[in-house]
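Should a chain be cited, it is by its letter among A, B and C, assigned in written order, with residues numbered from 1 in that chain.
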Amino acid sequence: MHILSTIIEAFPYILQGTLVTVVLVAGALTLGFCLGVPMAVTQVYAPRPFAMLLSFYVWFFRGVPVLLLLFLFYYGLFGLMGLEVGTIGASCIVLGMTSAAYQSQIFRGSIQSLPAGQFKAGRALGMTDLQTIWNVILPQALRLSIPGWSNEYSILLKDSAMCFALGTPEIMARTHFVASRTYEHLPLYITAGLIYFAITMAGVTLLRRLERKARIPGYSNSGM
Amino acid sequence: MLDFIDMNFLTGRVMPYLDRGLMMSLQLIIPASLIGGFIGVVMGVMRVFGTPWMRRGTDAVVAVIRGVPLTVQLMILYFGLPSLPGVKIYLSPYAAALIGFIVCTASYQSEYVRGALLSIRQGQIKAAQALGMTRWQTIWSVIVPQAVRRALPGCGNEIIYLIKYSSLAYIVTCIELTGEAKVLVSRTFRPTEVYLVAACYYLVMVSAATWLLAKLEKKLAIPDFGTQK
Amino acid sequence: MNAHQNDTPILRAEHFTKYLTGRKILDDCSISMRPGDVKVLIGPSGAGKSTFLQCINCLLEPDQGEIWLGERKVDFKNTKELYDLRQHVGMIFQEFNLFDHLSAERNVALALRKVRGMSRADALERAHAELARVGLEDKAKLYPAQLSGGQKQRVAIARALAMDPTILLLDEPTSALDPELVGEVLTVIRDLAAHGMPMIMVTHQMEFARAVATEILFMESGRVIEQGSPEELLAPGAQTRTQDFCTRLLELCGEAEPSQEARS
């Protein structure tokens, strides 16, 4: 019974952390999307030097652990750049930049899977290249990217748990704080696990609905 | 600003620390990927060919492991188990990290193995049966060799992930590459350089693994295999 | 070979009934094979020909019915007897079903090693002999994806023959082939028939069936409706369903190639 009362007491406190986690994930996904789309377009259509520069970015952020990136930027680079972003801001930016590397690869794959005729058809109608990319290529590529994107969401959510190493007040940090005072480690961490599980499921369901909504009859990855 | 590259500091101070951390990281990564990979294959086979009970059981385990951050799993193993009423299980930091990595990798690997097994066409199985092969002969000589080739890219990716997630051992105080870097920073107060060098270590590991896996894939490649539906 | 031996069926499938998803696909079908028999199953699609064939080596387990291998009844609930039956009954599929991860020679050798327990070298030697028999000794090292459809089917035949089957089942062996590749496969099958290999074959190649079949079985809605020698069933003026069906088949083919009429 003592365990139960501890959990009930701590629950509102941990739930506040859930809000921080959701903000982190939403922010990182958005940042990753805003960086990832132009990166993908650049990698496919821009001249080689630009594409290579971006390949380096992708290689770096996909090859270094998120935890180390958090340390590197929060304790090192942000300071050198004179940025004061706090733990939440730093977590959000680092997760977002990492996600941009992954998202750009998802979008790039989708763009490259489109038949070459789509681009030619756009040009043949007198559209500029940018117009073609914006009006023809991206609407199709983004639809194809939704499954990969929803996978990226659940990865980011799980990665966000590492941010407690910076002291970011999200679910894990708060759970750890309560646990180290009450010594009820097991039930508290299981509670945290359940919260993560619930958010994962909720998000994946939501994204699946989005996928169904965005679907065009007879148009899918497998059909091509 | 800093004098940009201080070679003496890097080779004299940073690298000995990080080399020690690297050894610990490898002691986590190599057993975890081998044992985890093996368990993953067994679980994948169970999820496809097992009895309904086995299937439901393993599916549920994998769903839970994949739905919960590795960080939480490690915290449960290291801080949680000792508070388990009745049986108090104390794991060393190394054991906690290793077990966590094995369980996690196995679950993710089983997902790729399962997908690959399901992608084998029915005709392949029928042909083997028509030749009089037993169920296990069919699984072992026809289904598994094809499934391995289909699962290889995914499983390779998972090993790359494992290399990076091995840094999480730091949070259960198993001091590996990231942990050594953190310790060193607290002594030298030169975070950018130390962490950048540590990042290079990981980049080398990841790139080497990628190269090796590509080589393995090439070695196992069969002309046009997997392109036909 | 004396007359008595010739009279003993080498394989009998009796009173097969099979339900799939609640529908009766096979309804009391029987077939009996003697040495040298070549029996052809024909009939409209959905008649149950493939199902019948797959029940004979228990790739689909019949719901009712018995299988006799010579004098012995096969208990196909017993896995050992089931595997033994399948070794005696070779099968050729419409879609070839070559093992995609193995080269032609190893496709043939695999079952020799695993099922027959032959050594790797012996199995490969036998595989080369069988590939030579179907005229593919020079393709032994190629993988399925590198072979043409006709070549794939010939490898599949070599793979089945390597197990020394007492009887061969062929499920529309030429239907998935481009027209110009049909001939090479039919030549191999005709050659087998000439050497006395007992075969049950589902096919739509009526000319071929007439030439090699000792008996034709006409199936419709899961039943064998007519059964007899090609001469009986396809004689000019014979008022049989088989004849009817063949005429319609020929008409369809005729329509598909109007150019021939135009020329004549």
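For the reader, a short list of remarks on this structure follows.
Everything that follows uses one rule, which is that contacts are C-beta pairs under 8 Å (C-beta built on N, C-alpha and C of every residue); 3 or more make two chains touch, one makes a residue touch a chain.
Quick caveat, the model's predicted, so the values are computed rather than measured.
Inter-chain contacts peak for the pair A-B, counting C-beta pairs in contact. Ranked by how close its C-alpha mean sits to the mean of all protein C-alpha atoms, the top chain is B. Centres computed as Cα averages put chain A at a distance of 56 Å from chain C. Inter-chain spacing, taken between the CA centroids of chain B and chain C, is 48 Å. Each chain gets one centre point, the mean of its Cα atoms, and the points for chain A and chain B are 21 Å apart. Per the touch definition, chain B reaches chain A in the complex via residues 1, 64, 66-73, 75-76, 79-84, 164-168, 170-171, 178, 181-182, 185, 191-192, 195-196, 198-199, 202-203, 206-207.
Listed in rising order, the residues of chain B touching chain C in the complex are 121, 123-124, 126-134, 137, 141-142, 145-146, 149, 222-225, 227-228. Contacts from chain A toward chain B in the complex involve residues 59-60, 62-69, 71-72, 75-77, 79-80, 154, 157-162, 164-165, 172, 175-176, 179, 183-186, 189-190, 192-193, 196-197, 200-201. For chain C in complex with chain B, the residues that touch the partner chain are 54, 57, 59, 79, 83-87, 89-91, 93, 95-102, 110-111, 114-115, 143, 145-146, 156, 159-160, 163.
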